[in-house]
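In what comes next, chain A is part of two complexes: it sits with chain B in the first one and with chain C in the second one.
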Partner chain A sequence: MTTWRRHPVLAETRVLIGAGILLSIVAVAALAPIIAPHDPNHQDLLRMLVPPFWKDGADADFPLGTDGLGRCVLSRLIYGARVAVIVGTVVPIGTALLGGIIALVAGYCGGWVDWSVSRTVDIWMSFPPVVLSLVLMVGLSPGLRNVILATILVDWTRFCRITRGAILGLMKLDYVSSARIAGATHVQVMLKDLLPGIFPIIITLFSVEIGIAVIVESVLSFVGVSVEPHIPTWGVMIADGLVTVFAEPWGLVLPMMAIILTVLGANMLGDGLRLSLDPRLASRPSLEV
Partner chain B sequence: MFSDAGTAPLNARNGVVPLRIRRVLRPIVATGYRVATVAIQLLIVSIVVFGILRILPADPLAMMLPPNATNEDAERMREAFGLNRSIPEQYAIWLGHTLQGDLGSSIQSRLPVGQLILTALPMTLELVFCGLVLGVFAGFCFGLITFTWRGTAVEKAAEVVASLAQSIPEFLWGILLILTFGLALHWLPFIGPIDAKMLVPSRTGFLLIDTLLAGRWDAFFSRLTHLTLPSIAIMMIKAPLIMRLLRSSLVETYTEDYIDSARLRGVGEMRILFRHALRNAALPTVTLIGVQAAHTFGGTLLIEAIYSLPGLGNLMIGAIRTHDLPLIQGITLTYCAVVLLLNMLVDLTYLWLNPRLRAT
Partner chain C sequence: MSSLVQRSQVTADQVIATETQPLLAAVNLTVESGGTKVLRDISFTLPHGRILGLIGESGAGKSMIGRVIANQLPRGFAVTAGSLPFEGRDLLALPHHEHRELLGRRIAFVPQEPTGALNPAKTIGQHFAEHLKRLDVPKAERRNVALAALADMLMPAPADVYDKYPFQLSGGMCQRVLIALAFVSKPDLVIADEPTASLDVTTQVHIIGLLRRLQDKYRTGVLFITHQLRLAAHLCDEVAVLYAGDIVEYGPAGPLFRRPRHPYSRALDTANPRFSGAWQPLSSPPGHMPGLNEFRNLPGCRFAPRCASAIDACVAEPPALRVVADGTVMRCIRDDAVPAAESVAGVLQPVGANAQSIGLMQVQNVSMTFHSGGLFKPKAETHAVKEISFSISAGEFVGVVGESGSGKSTLGRMIMGLERPTAGQISLDGVPIGHTAAEWRRRIGIVQLVFQDPRSALNPRRDVLNLVTQPLQSTGHLSRREMRDRAEVLLQDTGLPKDVVSRLPHQMSGGQRQRINIARALCAAPRLLIADEIASGLDVSVQAQILNLLLRLKREHDIALLMISHDLAVVRYLCSRVLVMCQGEVVESGDTETIFANPQHPYTRELIAAVPPEDLTRNWTQLGAVG
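Up next, the complex of A and B:
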């Protein structure tokens, strides 16, 4: 094994493949204006539903063909990656912060704080996630910021519940009470003693949340309550592609593959990190993801 | 799940109530406690839904008024729907009506919300039921297979397939199945709940039952074929979860002494697996199935939209697109009520199934 893979995290092949997939998508999104051959919203009504390059009747101008309005599928895929990358980065950070902090305070304080947080999570979880995010998007108006907000408001409970369980486990250990006896303040105990203990779980949940965020965004796009109509997303491409599926299925299949690839990358990263960071979880299958 | 909720009020009374009565009372009190919890949860859920839809900036009138409507028209309409009152007042009125079984009328179709929901609900329940049956069946089969061949290439292959199946969200499975078995191979139909030419009188709302009641075998099979693809889409997500949990509980159960003692008594391996191990290992899996039933119920929206099934999810998506607030409220509450009730049933079933919880 080469030197750079000595670290247990880097020795896990799944981490490398998962991170590789996700980083390539980030690169595509960042370079979108340079690598996209067309404006993703430019309609060429004379060249509608052109098939991709490996089929008969393809057009050299449109390597992956065009959709029902004559828009370049490749360019829309590339620009669609931007929404996926933004959502897939900001939502996990938001859920980790919101869910993590609430769990930390609830688990540490215990008593009525913990009780009320747990009941709130119970109530929140009685909403099916898709239903709650749709209702939130009706209340908020369409737009990237609101999609992110709605997804965070739906998904923080998953973070909160699992992290709280882990903190309750840590609180039973002697080193937490020793830290208090040694004179550490509440905030110091939370940040210096508890946070490092739950870090592996947070990292794992974070990477799984990447995939979930991308799926939720595509679901909202599919229903038509996500971002403004002029921003291309993979979910909108799927909804458009479903309408023209009888004429040209590739406009539907390609954005689906993009979503599946992203989720696969996120899940591989999450699995690999779980196995390499937390040996206690290694033998147990995860039910939450 | 159950212990901290159901036992606390009973333990406090341990010294007063005699043991014999306590044994009888315990499940009744625990059940009552759960029912009360669900009622309170539903009340809070209704406040949350009402709050989200009324406080956030969405004007339902904007969708209904013609473009040439004057401000007076808007005001009159606002009054007609009670939208000019304060939000707590609106909630109180709405709650009063809801408790009497009146969920209001849809703004778009003017039909009663309760009637719309009751017509759509059987379609969704039928889909969830069939999806879960397939998922549980496949999950148990693969759980047993991977357990029997644990540590071999079979387990590894099944694990890879399971991870892959789970990486694809349900609605994408739905589309993939349409593309392969519907469009490419022409094996199965994928539009609508049943063949459009087959008219069956609606008695229960459940098409599988209605077709049988009408004695129409052709319609029954048409319904089955229309249900197959969406049910498989649900199965693809649920089976891996059940497979993994069953396998790991089996592994755990096989470390117990009674497995060894059965083996020493000369019981065959097959009998040990099915009569001794599976019965004990199935308990956590049964709980998981209940929880997954609730998840599945809340996750069929896009599947219904993709397969044009007139269920609750499709109704919801239509209501969302037209900002039909009374309908959205009613459907959301129905979703939450069913999820809470299913969770309650899981808890109670667990209590009755698990002798360790029952005996104390």
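Up next, the complex of A and C:
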């Protein structure tokens, strides 16, 4: 193994592939004005539904073709990555903070605190997430900030429920009591003993949440209640592509592939990190004879 | 004289191969993993209807032998030499399906963890039905066969047990069911892998008695795997002592127990606290059994690093088995070799508290009642601890004995302040202590609790330096340098090398982890240590090291100890005073020697009777077979 892969995190191939995919998407989003061949909203009504380069009738100006309004698909994909990257970063952080802190307090305090948090989560989760986010978006005005807010408010429960379960598991271990006996305050126990213990789960959930955030945003875009209409997103592209799917299917397939790639990258990164960050999984002790 | 001459002509192979066609034999069995010999040259003979004990601490390879017989070696392990004839047919050469046919019919297993071995979703009856179907017992007869098998195990109400689910039965009952299942096919060979390791002592004696009874009734050969030398001496005809994949001594149980010759067998003997006779310090070789990854550095005798009599020849190549007495063979080139011993300086017999010394801790009429049920269930009360009063003086070692569920751990947790007593009062230094933040600080400055299982009590993400100085981190603003100094003192106090400071818990052995666990409790300089079964999960030689450590700490730091344990011999070794707990109540308390010599309460007598006696002539295994 080469030197730079000595670190257990880098030794995990899934981490490298997943991080590679996600970093490429981030780079594409950041460099969008430079690398996009066209303005994503520029309509060329003379060249509508141009097929991508590998098909007959392709146009060298539009490598991945144009949509029903003659907009460059490649440029729209590149600009669409910007919304995906912002949503896929801020939403997981938000859900992790909101859900994680509530779970930590509920799991550690137990009793009525835990009971009321759990019941709130139960009720919250009984609303279909898509319907809940649609209702929230109708109430709030369109815009990136509100999309993020709506997604966090819908999805913090997933984080909360799973981390609470993990904390209850840790609370059964004697090292939490040991830390108390050693004089640690409640906050110290939560931060130094409980939080590191649920870190692998937070990482996994965080990466799952990246994918979910991107998908939820796409769903909202698809039905037209996400960001302002002039901002291209993958969900809007799918909606547009659906209209012309029989004339030119690639307008639909390409943004879907972009979403799939993002979710795949996020899941691989999360899986790999979880495996390599757990000290008990990372270096397996010798087998008992 | 003639016997002496004869003996010198007998080879080790002849001693082992006592019969021309024994039930089971191992002939030069070798198991390797990644080029390392995990089992080296294992040979033994189990005649029909006899019990062979395989004795050793964890890592000795005793369970691996059971796995070879069951054809269930873990991945990466393979038998590379030797044979395993079962009634003359080599199990290793047998086609897979023929081998499988033998298992469960003619070879049966009794597992270590009874509750985990039964499917929680099936009743006991369904377990039997499934097994009997495989044995081609007609459907109509299955129930009766099962009930007869359960009755054979002296179950009070076989028909009731038949319809129950495993979780409705106690661990001991589950183990009886498993033994009944193992014997229902009237097998020729039963392999029992530590069948009583997870059971209470009084249950252990019953299970051993029942196993013996069935073995006797059906003339079954039993391979009994255990870490308890004295238990094996009572139950087994022959024993093989294993160390790091070698059989180091092999012979008839009684003589081997009375006069162990191999230094490791001797170490097992001297490290085991005695339950009768005069008190004497335990001696145990330093260090621990080597792990698989250390085997390659030990080409010769694997015990040599812990042996006081080791010479250059010992480490050069593996010693051959040689005959040392009638029927006894040993893998040691020296006569009367002795194990290395940790210094027992500072280890003194516990004596009662000085009459003038003031009470460090008093417990007055403390009770603990758990309430269960609620909205949809009827309310129920469980009295975990009922009106207990006692006190501990400075520097006094007090033992609490009782079976699981007797409330002894709850008592310890209440004194530590982890549970609030529902009634009664606990005082430290004569001042009652409650549950405010200030009182909590006072309490943890005086009392510390050492948890039973260091794997659970040590945060796997903290390194040793971080763990042992945990009590300093919450209050002081110590520099890393100061923490390091304190850690080094603590490690030295608990007999650990300095270089472990940067290790994580899973990178250490069980004994080292328990020392870290104790070192952390000592960091706060407590005057009372509550030790909840801290020696019970450990191997006997490591246990001896920990017990001696506690006695040394008492002498050096004048620490008082509340030792919660189910092991009477451990309590006898450590404590001058003992409380016997049964179902939340103290049924008897007083001077350890007096109580153990002359128990008054029937429960205490039952506990004492469950300890395998030194005297092998007392028919201890018969005791259990009664109900």
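Please note the rule applied: the second predicted complex is superposed on the first by the 276 of 289 C-alpha atoms of A that agree within 3 Å, B and C clash if a C-alpha of one lies under 4 Å from a C-alpha of the other, contacts with A are read in each partner's own complex, and residues count from 1 in each chain.
Quick note on the criterion: a residue touches a chain if its C-beta (ideal position, glycine included) is under 8 Å from a C-beta of that chain, and two chains touch if they have at least 3 such contacts.
Just so it is clear, the model here is predicted, and its values are computed rather than measured.
In the overlay built on the shared chain, the residue A:Pro196 is in contact with chain C alone; chain B does not reach it. Contact with neither chain B nor chain C is seen for A:Pro33 once the two complexes are overlaid on the shared chain. In the superposed model, A:Gln188 lies in contact with chain C only, and not with chain B.
Of the two partner chains placed around the shared chain by superposition, chain B is the only one that A:Ile123 touches, whereas chain C remains out of contact.
When the shared chain is aligned, no partner comes close enough to touch A:Gly20: not chain B, not chain C.
Looking at the superposed arrangement, the partner reaching more residues of chain A, out of chain B and chain C, is B. In the superposition on chain A, A:Ser178 makes contact with chain C only, while chain B stays out of contact range.
In the superposition on chain A, the residues of chain A touched by chain B in one structure and by chain C in the other are 285, 287, 289. If you check the complex, the residues on chain C that touch chain A are 33, 38, 58-61, 63-64, 74, 76-77, 245, 291-293, 416, 418, 441, 444, 448-449, 451-453, 456-461, 470-471, 473-475, 504, 506-507, 520-521, 523-524. Those residues of chain B that touch chain A in the shared complex are 41, 44-45, 48-49, 52-53, 55-58, 163-164, 166-169, 171-172, 175-176, 178-179, 183, 241, 244-245, 247-248, 288, 294-295, 297-299, 301-302, 305-306, 316-317, 320-321, 323, 328, 331-332, 335-336, 339-340, 343. Chain A makes touch with chain C in their complex at residues 173-175, 177-185, 188, 193, 196-197, 279-280, 283, 285-289. Residue ranges of chain A in contact with chain B, taken from their complex: 122-123, 126-131, 134-141, 211, 215, 218-219, 222-225, 238, 242, 245-246, 249, 252-253, 256, 259-260, 263-264, 267, 271, 284-285, 287, 289.
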